[in-house]
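Chain lettering (A, B, C, D, E and F) follows the sequence in which the chains are written, and residue indices restart at 1 in each chain.
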């Protein structure tokens, strides 16, 4: 990006304005389409501005981890395929994709969005295994918030096949004819707050990402608690700046929950 | 290869002639030696011109795939080691080796060369696992047809150890003292037909491979059916050209079956 | 290293002297600290000159190898992390680290330092699995002898948790409250003998390693038998030179056993 | 299993109600992504594919370039949730093979000699798989290339012909692929009458093979029209 | 399991006898290795970390260099015997993430613009893990950088605050991490009052979060002093 | 298991009928491949090895070259069907170690300083393994190097001495290797009397070691003659 373009973005933000006409605390246009992939047990298409993410959930049967024998297992994986951006390289997930997946995973896990104990089938022996795969198909900035929208909508709208224990008391099969929703207990979104010359913006687009001094991703539960946090990129925050960022994130989270709830209602009609 | 050499190959073919004096539809000298490796359950040395391939079969006991619980498992792997050509790179099989192995695998599988159901030992639990490893040791053109000769001769002449179910009805051991042939139901060869300036040749040597406009590999069963096909390399065929190539392949396949049958007879004496 | 420095090292050795004032058959200062890592079941910090190696032993339960159903399993792994030297590269162990680990592994295994049969828990089913991980943290020459010191002290001082067979006769658990030493039957050290212009030195430091014509690593048991040997690096030995090297190694091994025994005594007080 | 599954009913109709020579419903859309230089979406029955094209662009490392033409890099990939059982995200041997045959098909079509010392990168992501993913992928790729303004000899239209319960059928779906006797994907430059991809997975007699070629050609002509309409919608309705 | 484990006793003391706002015993030593340009050892309770710094030095391949600054490469790694169960030596996803956030923290601190076209390599090896390894690692790295003579805006002092049985506690250990409700590692340049690393793994209310920040700052001030003493011992007692 | 298996019978003969100091039947052939610059085949009992040499030739990437000598790259590899249980085609730790010691042996033999800035690549493929594969491989490599016309100080002759049931034996086979007490492969330049490879896997007293060296040397002299004959057959009978 040219120096000129960068400085124009910065000087606009100084004045409380943004290149695309948004307010500093305003998200771009958001589209969420649940159940986008018929073959997946859950899925969602999520778009914030030009950023497109499709998440999908697949379900299997497996053995629990030894330290949580009575819990199902969820694995979150994110892929930044070269499809999505001229800067993405082929190969296994890089540190950015791994960080994104782990931030999402931790927020979901710590807030107990899914009651994993309800996903044990034969405790200690057989449990549901959930794979949540997040694919970024177009990168226009703020991959994390978009990915979290896709992920959480996928979980909230998934229907998993019923597990049937065979007569031997050991073998488990999935009955694909009968499905039920996941045991959901909570909702979470992530709001990425960027700092530019002492000002804060939410939902930076791909050009704005180039001028951020620093970024703080804050996961917020629907009841307003902080369910995770990650300073991303170099740069620093003063203590009072962190506090300000949290307030902004909490406020902005409401829009995201509205969008999610609207999307879910649309399919329940 | 020099431009001059290329154009001399092409102009010869235009006249129906080849650099090594062959007819357009003629194979180079073929040598097949079954049971070349004493340690393998089956093996064959196959040479077409200067191209040398040694295939070997190893046998084990394992669990079947969930979708074919009553069938044995065969895995076909091909390696183009740097040993064989100044152009081969070290490392895991590249796209060319993978394609070759998969073309051979599909022809064998689709034609049911081996009756895999007869390789179940305890259906759903224990089956024979066959590994067919194809090593190219000298690359002088037409790796696919040579590899298929080595592969099919290996299967036709293999002797696998008898599986013995223990008293517990669960454990299976291989008795290396007693061996039996594989349950073979059919035979297949692959004929690679190259197009050069509108003319067709079989069994291109390594220099001719440089001037091919396009190549079609056609697998033919001993009763003359088409058991697989793969257009390889860039370049195009018109519909009628494909039909002509099939006729050429069918005719040429007879030589290959003669060679295989002769090699098998040699060891049965 | 400069040509001048190299030639000064060589000409000193010709005169029976070394850059750091040692005799040709003398080790640098040796420090051994057993039980250095509290979390490991066994561990040792070993330093020869500036070379620092920390080895650690972790213990688990697993299934035996099919060909040794009544024996525990030990795996020796060595890592030359970029931490330790400006010349070490990141990534999985290279040929040097693999060779070092395998030389140590073979000496321990062939001399039966550990009686692996005593590490079977349910013969054929459940055995102790030992992982001996050797980390080089500072490379000042003679990694092999230092690593062997760390490895053998780790084994001699380890305490492994008691295996308890559950009532079902199948499940095994480790009781971390009750620990016992490994079933040790012998001790071994490795002495690396370098040849420089027809003279032999032990324990080459990192500068001397640059001028070695050839190197022979000789493992010696406490009763003076040869428990392994590896010519390392290019260069050659005459037959009588090999014999001389063995005599030097046998003599030098005594210092190493003294250091090990002293370290063990220190913790038994 | 083959033969036990009835794939053609008493009325000669297929499991999804189609006649043997009938295509599945098709949807094509050009220019669906922001970053890619060209992109397209193709839906064929339950198969859904996205394609993106980047280039011609520079390559690193430089020594991969060719002095007289663009190189073409192609990745055909199925996302983990596109299949019945979750697929590992790492490329399988099947995906490596298909990336190769797709690349070779595209090399016959693109005027690569116009862009020496560059790369043209074509990415195909199968987001839902119900057979025919390579042929749908090739069509999406060819539309994405057109969208990127890369000169081609022709578009590629492609379809798989199958043999199920002894009958040749056009544009097979997943059940027909799994339980049928043969699957023959074929891709052509329809206007030039040239085949750019041809594979046969299964056993056919010579006569069946000729029939299959004819049936494929029939489908390809129809798909070609739909492709052209998709391009028109993007570029001619403006 | 959470809630079942009593992590704060009737006297308000923690499992290891500490008060909520109390740090574990700390030991720091600078210049512990021969080869590295800078090195340090940090012990915090049962957590033990070694750090080594190489650079500024040349990079191969050259194209990784930047014309206006040094690049920073960081590896945070746990050795296999550092944990209760043996850890595979290959880098885990967790280690890759932590290497990234540690690198980003150090990038805020080092005057990278002083060494264009070079690399500064920072290696952290956790030899014993009992929670707080990334914060101990960051302190060891910052001491090793000072030992290597690389100019920095400030040292980094760092600590993790946790929430256990509803109480905020300073410098959590492994049991508190496993069975507690939240783990918030934070790293600062204490003299400048700037946060260089901040993560929250767990759930806090806004008020708890502000309290946690304050508690962390209290610990960071103490750790900063210990760091300065460690440097003094190496460089000022000579 | 050791000791339970009788490897020397009452007549002092070995499991395959050989006397302790007797070699297995050997077959050597030079120039067996078309593409390689040099090649050879060695059969020693049931062990069968192919070697191919390419070079001196250019290397990519260039920065691997050395200004004053050729680099030597060596791959020792066992094909999957060469062993009793199928071996994975990927290089094992054993194969990586053996590739190293073989390369170091060859480096002592080849006049690498004659070909600066090039590589000489030596590939050894074990197609059937019955012990002694590294020594057979070294002989095949040395013949292939001669076939490629690469100047050497001497040929390499090599053999493994073993200790079985307390007796030292020459040229051990697989059963003796598995159930014996020691395996000592040794490779020499026979004419110069120099050892280029020496490993001992097992336990020997000093006296046994000296005996083993002598026994090895006896075998090496015989193998050296067979090597020379193989070269003569190729190059002097023309």
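By definition in this document, a contact is a pair of C-beta atoms (placed from the backbone, for glycine too) under 8 Å apart; a residue touches a chain by one contact, two chains touch by 3 or more.
In this text, all values refer to a predicted model and were calculated from it rather than measured experimentally.
Note on connectivity: the fewest steps through touching chains from chain C to chain F is 1. Of all chains in the assembly, none touches chain B and also chain F.
After Cα superposition, the angle needed to carry chain D onto chain E is 120 degrees, rounded to a multiple of 5. Distances between chain centres, each the mean of the C-alpha atoms, put D farthest from chain C. With every chain reduced to the mean of its CA atoms, the largest distance from chain A is reached by F.
The geometric centre of chain B is 58 Å away from that of chain E, both derived from CA atoms. Distance from the chain D centre to the chain F centre is 52 Å, each centre being the mean of its Cα atoms.
Shown here, the protein chains touch around one cycle, each chain meeting exactly two partners.
Around the ring, proceeding from chain B in the sense that reaches chain F first, the chains are ordered B, F, C, E, A, D.
By the touch criterion stated above, chain C contacts chain F in their complex at residues 95-96, 98-99, 101-102, 106, 110-111, 216, 221, 224-239, 242-243, 246-247, 250.
Within the complex, the chain B residues that touch chain F are 37-40, 43, 50, 52, 54, 56-58, 60, 77, 79, 81-86, 90, 92, 131, 133, 135, 137-140.
Remark: chain D residues 93-94, 96-97, 99-101, 104-105, 107-108, 182, 184, 189, 192-206, 209-210, 213, 217 touch chain B in the complex. Residues 33-36, 46, 48, 50, 52, 54, 57, 75, 77, 79-86, 89-90, 121, 123, 125, 127-130 of chain D touch chain A in their complex.
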